[in-house]
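Let me begin by presenting the structure, written as C-alpha cells, before commenting on it.
Labels run A, B, C, D, E and F following the written order; every chain starts at residue 1.
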Amino acid sequence: MQGVELMVFGIGSVAVFLSLLVVVTSLTSRLMTRYFPEAEPLPVMPRAQRPAPVAGAEDAQLTAVIAAAIHRHRAGKH
Amino acid sequence: MDNLLRLWHSTGLAQFEPGQAFMILVGIALLFLAIRKGFEPLLLVPIGFGGIMANIPGAGLAYSAAENAIYGGDPQVLAQMATALGANALESGKALLAALSQAGAAEHLTATRVAEAAGYADGMLHSFYVVAIASGVAPLVIFMGVGAMTDFGPLLANPKTLFLGAAAQFGIFATVLGAVGLTALGVMDFSLADAAAIGIIGGADGPTAIYVSSVLAPDLLGPIAVAAYSYMALVPLIQPPIMRALTTEAERRIVMTQLRVVSRREKIVFPLVLLILVALLLPAAAPLLGMFCFGNLMKECGVVGRLTDTAQNALINITTIFLGLSVGSKLVADKFLDINTLGILALGIVAFAIGTASGVLIAKLMNRFGSTPLNPLIGSAGVSAVPMAARVSNKLGLEADPHNYLLMHAMGPNVAGVVGSAVAAGVMISLVGG
Amino acid sequence: MDNLLRLWHSTGLAQFEPGQAFMILVGIALLFLAIRKGFEPLLLVPIGFGGIMANIPGAGLAYSAAENAIYGGDPQVLAQMATALGANALESGKALLAALSQAGAAEHLTATRVAEAAGYADGMLHSFYVVAIASGVAPLVIFMGVGAMTDFGPLLANPKTLFLGAAAQFGIFATVLGAVGLTALGVMDFSLADAAAIGIIGGADGPTAIYVSSVLAPDLLGPIAVAAYSYMALVPLIQPPIMRALTTEAERRIVMTQLRVVSRREKIVFPLVLLILVALLLPAAAPLLGMFCFGNLMKECGVVGRLTDTAQNALINITTIFLGLSVGSKLVADKFLDINTLGILALGIVAFAIGTASGVLIAKLMNRFGSTPLNPLIGSAGVSAVPMAARVSNKLGLEADPHNYLLMHAMGPNVAGVVGSAVAAGVMISLVGG
Amino acid sequence: MQGVELMVFGIGSVAVFLSLLVVVTSLTSRLMTRYFPEAEPLPVMPRAQRPAPVAGAEDAQLTAVIAAAIHRHRAGKH
Amino acid sequence: MDNLLRLWHSTGLAQFEPGQAFMILVGIALLFLAIRKGFEPLLLVPIGFGGIMANIPGAGLAYSAAENAIYGGDPQVLAQMATALGANALESGKALLAALSQAGAAEHLTATRVAEAAGYADGMLHSFYVVAIASGVAPLVIFMGVGAMTDFGPLLANPKTLFLGAAAQFGIFATVLGAVGLTALGVMDFSLADAAAIGIIGGADGPTAIYVSSVLAPDLLGPIAVAAYSYMALVPLIQPPIMRALTTEAERRIVMTQLRVVSRREKIVFPLVLLILVALLLPAAAPLLGMFCFGNLMKECGVVGRLTDTAQNALINITTIFLGLSVGSKLVADKFLDINTLGILALGIVAFAIGTASGVLIAKLMNRFGSTPLNPLIGSAGVSAVPMAARVSNKLGLEADPHNYLLMHAMGPNVAGVVGSAVAAGVMISLVGG
Amino acid sequence: MQGVELMVFGIGSVAVFLSLLVVVTSLTSRLMTRYFPEAEPLPVMPRAQRPAPVAGAEDAQLTAVIAAAIHRHRAGKH
C-alpha cells in the first residue's frame, strides 16, 4: 500500500468512524433524555469506601491543622 | 601509574565524542524551554534530563547489555558476540551493532547471554524503556489518566464538533504522504511504517504518538516524541497566524448558542458507546481508546472515586516520570543525530499546520451549511493539545469581540481531537502494521 | 478494492462471534450492577470493563502472542506453530490451542518465539494478567492494604469470635465436597484442585479467592472472581433469610456486653502472634497472612505512617485497577462460556449460604454453652465480606430491638472471617497443591 | 486425597488453627495487661518524617486555601 | 493417618531449624528497635518483618524456584536438577545449592525450568528481590525521592562544606583496607568486591549501600543493609563521644557567620552542574547521582509540582515497602548466619567512627587555616545520615553554648555527605567492578 | 588492585571530584549572581496542571469539610 492510498483510506476511515460516532451519540442522547430522564439519583460513593479505621484519625488531624491555620490567619500573619 | 591510567580511561573526558556533547546541549536546551518557557514541562523535564543521562560517555545508560558489550570493545567479548550473532569475528563494532539490531530473537538472546556472562548489564534508562514503552504500557496508562481527567460534556452537548476532530486529523495523513514523497525524491529515507509514525505527530497527542511509534517505528521514537511535545507547547505560536489567515473578522465574531446541560447518565454511557463502536469497527484502536474510555468511565460513574483519584494523580505521575526518562533514552547521540531527525521535525510542524488549517476550513464549511452558527475559530482546537488549543481559540475569539467566550465551545472539538487521533492511530496500525 | 476488503476484514463486525457479543453484554451487565446497584464497584467496574475489552473481536487483548498467532490463522504461521508444539502441521486452530495449553515450558517458549517473529504480540490485558495475577503479586498487595485498613480491636476484645470465623469456613469445604460430587455424578467436570478453588468463593474474600485460583485453577479464575465479588455484593440479600430462619426472635434480641478497650500494644503484638502461629503450623498460608499481618503491623505500630498511608491508598488503588482488568481478561468468551461456569456460580452461592448458616449455628451453640450472652446474628459475619456482613448483622439486630447495636460485636467475627478464609486457603494449597 | 477427606482435614485444620489462635491471643492479652500495662507512651511518628523541605510551602498553600475557603464560607455562598 | 502425617510434615513445627528460630528472633528484635526505639522505622519495620517471613520453615518465601526444588528434597527432582547443573546425581542438597549458585546463566535457566516443571515457584520475597533490588531500580528510585526532598541551599551558601562531605568518606576506604586486612590475616574471608561493599556502610546512606552491594556483593546485601540502617539510627549514640574527644570546649563554641540567601536559579543550576561533572569524570556514579540530581531538579525547577509530589510520597513509599521486604529476604538463616556477618557488623561501626572522626578533624584543619570561623562539630555531619547527623552537631553545639544553633550550617556537610558517598560508590564500582 | 591502592585512589578520587565541585559551584554562583540576578520571575506551575475537570468538585468538598471543621472548632470541642 502506498502513500496516496494510505491517505485516502486513512482519512476516509477516520471520517466514517467519527461520523458514525456523531450519529450514535446523538441517538443515544435523544433516547436517554426521552426514556431515562435523570429521576432516580445515582448512588454516590459512600464515604465508607475510604479506609474507615483511619477516618477518625484523619478528621482529627485535619481539624487540628485547620484550627491552627485559622489561628495563624486571625493572628494576621498572612 | 597503571591504576591512574585505568581511572583516567574510565572518566567521561577520555571517552567524550562530539555527538554526545551536542546531545547534552540539546538536553539542556529542552530543560531550558520546559523550565523557563513553560513548554510542556511535565514531559520535557524528564525527557531532557533523560537525554542528558543517555549521553554520559562510558555510562551506557541507554544501551542494552549486548550494546554495552560491543561498545566495551574487549576483543575477546567482541569475537564471542560475533559468533553469537553469526557474524564474521573480525567485524568492527559498528558492523556488530548493525548485526545485533537485525538479529532474530534467538540470536539476540544468545548475544545478550554472552554480554551478561562478560559482566555487562542493561543500562538504567534502557531498562526503563523496556518496561515502560517497549511493553506499550506507559502510554496506555497515561491515556487512562487523561480519560479520567476528560469531561465529554461539551462534546455531548454538540456532537457535531466531532467532525472538527476528524478534520484536524487530515494533517496526519497529509504528512504521511509528505514523508513518502520525500523518500521517493531521495531526500529522506523513510519506510511506510516510519511515515505513518511521523504523521501521528500531527495528532498533537503525546501518548498516542509514543504508542504508535513504539509499534511502527521504535527507532524514530526519540525525535517523534520530542517533536510532538515541543509542537504541542508551541500551539499558541503556530496556530494563531493560520487561524487569522483563514478566517474573516466577521467569522471570528460569530457568537455560538449556549451549550445545553448534559446529564450524568449521558456522560456515563458515552465511553461505553465509544468502546463498542471501536469493538465493531476498529479493533486496532482498542488498547488506546479502551484505556481512555475506561479512565473516563471511572471518572463519570462516580462510584470508584478512589480509583479515579489514583488514575489522575499517583499512577499517571509515576508513569509520566518513567515515560519521560525512557523517551530521553532515545536521545542518545548515535541514534538521534541523523538527517532523518531533521526531516521528522520539519514534517511534524507541517502536519500541525495542515491539521489546524483543515479544522478551521471544515468549521467554515459547517458554519456555511449548518443550521446553527459555528465560529470557525473552534475548528483549530480539533488538533487536540488539550486544553491549550481550546484556549487559543478562546483568545482569538476575545480579540475579535471582548464578549465572545469560545472556551467551552472549543472544548468539544478539542476532546474530539483526542478521540480522532486515537482513531487515526488505530487506522494506521491496522493498515500499515498488519 | 483490495484495500477496502482488507479494511473490512480488520473490522470487528466481520469477525464477531455470538459468544463475544454475549460476553460484552455480560460485561455491560456487571457495569450496570456496579454503577447503578452499588455492587462492589471498586472491583466490578474494572472487571466488567476488562471483560468487554477482552471480547473485542480481532483485537486479541486477552490472548498471549502464541494464541494471537493461532487465531490469526495465517497457514504458514500455523504450520510453524504446529512444528514448535510438536503437533501435526495440518491440525486445526482449535487443536493447536489445546496443544499450546498443554505444552511444556520449552515448547511454549519456542511457540511464543515463532509467534513474535511473525509479528504477533501479547495482548494488553494478557500482559496485565501475567504481571498482576500469574505472578501472585496483586492479591498479596491488596491483602497488605486490607491489613493496613483492618482494626483487630473488636476481635481482641472478644477472641472467642474467632470460632465464628472458623465456623463460617465450613461453607468452603462443604462446597468442595459438592464440586467433587457433581463431578462424580458426571454433571460437571472438576478436578480436586478446581473444586478447592471453587470452594474458596465461600470465603467471601476477593483477593483470597483470586490468589487460590491463580495457584490451583487458573483456567477458572474468571468465573470464580466474578462469583466471589458478586456474592459479596449480594450479602445483604443472601444472608438475612438464612439468619432469620435459624434464629428465634428472642435470640435476635440478645444484648451483648460492651467490649473492653484494647491497648495499642495488644494491637501491635497481635499480627506478630498470628504470623508466628502461621510460621509454626501453616507455612502454605504464609504469603497471604504474612502480607496481611505486615499491613496491619504497619498501621498499628504508628511509626511508619507514610507507608501505611500509601498501602491504604495509592498502592492498593493502583493494584486494584490492574487486578480488575486482569480478571476481566479471563472473561474472554471461549474460556468463560462453558458449562462449568454455571456450576461455579451455583456452587458459589451454596458455599455462601452454608457458611452463613454454619456461623449462625455455631454462634447459637456458643450462646447456649458459653458464660456470656452472644447474639447468634453476629455468627453470619464470620464469612468476612468486610464490613457488609457486619452491617447486615447490625441491621437485623436493630430490627428485633431498636436499641441493640451489634456492629462492633459483629466486627470481631467479620475480621476473623478474613483470617479464617486465608487459613482455609493455606490448608487447601498445602493439601491439594503440594 | 478425595473430597470427604479434604473436607474433614480442611475444616479440622482451620478449627485447630483458629482455636490455638484464641488460646494464644487470650494468653498474650492477659500477659500484656498484667506485665506491660500501657505506661510509657509509644513514640509517635514525628511530623519531620514528612518531607521537611516542602512542609513550609505546603503549609503556606494550605493556609491560603483555607483562608480563601473561610472567606467564601463567610460570604455566604455555601 | 497418611493424611494426618502429610499435614504434620507440612507444618513449620516439623521442619523448624534452630537457625530459622534465631533469625525470627532477630527479626522481632529489629521490629522492637524500630517501633519502640524509633530506629529508622521506615526501613527497619519492612526489613524486620521481611526477615521473619523469610525464615518461615517450609514456606521458602526467600528462595528461587530452583532453590525451593532442592530444599523440597524429592529424589527424582534432585536427580534432574543435578543433571541440569552438570553435577553428580548423587550429590547432597547442600552441594547442589553450591552448584546452583555457581552455575552459568544457561545451566541456571535449565535448572529453573526443571524446578518449575516439578511445580516449584519463586518465593514471594525472592520475586520482590529480583524486581526491586537485583534490577537495581529500587535504590535508584529512592535516591530520586531523596533528591526531591533535599535542599542544597545551605551547601550552596557555603560550598567549602563539600570538603567535609569528602573527608567523612575516608571511613569507607579505611574500612575496605580493614576488610582486606582481616582476610589477609585469615580471620574473615572477603573478596576485594566484598570489602568495597562493606566499606560503603561507612557512607551512612542506605540506598547507596544497597545499590553498591547489589552490584558488587549480592550475597552480603542482608547484613550490609541491616548494618547501614542500624548504625544510621545509632548516630546519636555513636557520634557524640568521638566528637567530644576530638574537639575542645572553645572549638565547640565557635559561632559561624550566617549563611547568605541562595537564589532559586542557583538551586536549579546546581543539579545540572553536578550531573555534568559526573558525566565528565565519573560515569560509574551516573545512575545514583543522575537520579538524585533528577529528583532535585524536579523539586527546584518548580514547574513539575505533580511529579515532585509523587516522587516524594507515593513513589518513594511504594518503593520503600518493597525494598525493605526484599532486604528482609536476605535475612534468611542459611545465608545470614555466617561468621562474615559478624565481621560486617564490626567493620561497619568502625567505618562509621572513622568517618565521623575524619570529618571533625578536617573541619578543625579548615578552621585553623581558613579565613572564616568553622565549628568543627559540623564536620561529623559529613557522614550523611540526613538529617540525624546534622541534628547531633546542633545538639552538641547547644550544649557548649545555648545560643549557638549549628543546624543550618551542618546541613551543608550533611547533604555533601550524600553526594560524597555516591561519588565514593561510583569510584568503588569503577575500580573494583570493572 | 589491592587494598592500599584502592584506598589511596579511592579517597583521592573522591577528594578531587568534590574539590572540583567546590570550584565549579563557587564559579557558577558568582557568575549567576553577577550576570543573571533573579529579576524575571520564574514561571510558577499553573493550577491548571492539576486535573481541571475535578477542581470544582474538590474545592466544593474542601470548603464543606472546612466549614464543618470550623463549626466543630467553634463549638468548642477541641
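Assume contacts are C-beta pairs under 8 Å (C-beta built on N, C-alpha and C of every residue); 3 or more make two chains touch, one makes a residue touch a chain.
Being a predicted model, the structure only gives us computed values, none of them experimental.
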Least hop count linking chain B to chain E through chains in contact: 1
Same or different contact residues where chain C meets its copy chain B, judged by the half mark: different
Angle of the C-alpha superposing rotation, chain D to chain F, to the nearest 5 degrees: 120
Geometric centre distance via CA averages, chain E-chain A, whole Å: 43
Cα-centroid distance, chain A relative to chain F, in whole angstrom: 31
Chain A and chain C, separation of their C-alpha mean positions in angstrom: 28
Distance between chain centroids, defined by C-alpha means - chain A, chain B (Å): 24
Interface hub residues of chain C, defined as touching at least two other chains: 3, 7, 35, 38, 41-42, 281-282, 302-304, 306, 313-314, 431
Residues of chain A touching at least two other chains: 1, 9, 13, 42-43, 45, 49, 66, 70
Partner chain C, residues of chain D touching it in the complex: 1-4, 6-7, 9-11, 13-15, 17-22, 24-26, 28-29, 32-33, 36-38, 42-45, 49-50
Residue ranges of chain E in contact with chain B within the complex: 104-106, 135-137, 140, 144, 268, 272, 275-276, 278-284, 286-287, 290-291, 293-294, 297-298, 301-304, 306-307, 309-311, 314-315, 430-431, 433-434
Partner chain B, residues of chain C touching it in the complex: 3, 6-7, 10-13, 15-16, 24, 28, 31, 34-35, 38, 41-42, 45-46, 49, 52-53, 55-59, 61, 113, 116-117, 119, 124, 127, 313-314, 317-318, 320-321, 325
Complex contact set, residues of chain B against chain A: 156, 159-160, 162-163, 165-166, 169-170, 172-174, 176-177, 179-181, 192, 195-196, 262-266, 269-270, 273-274, 277, 281-282, 302-306, 416, 419-420, 423-424, 427-428, 431-432
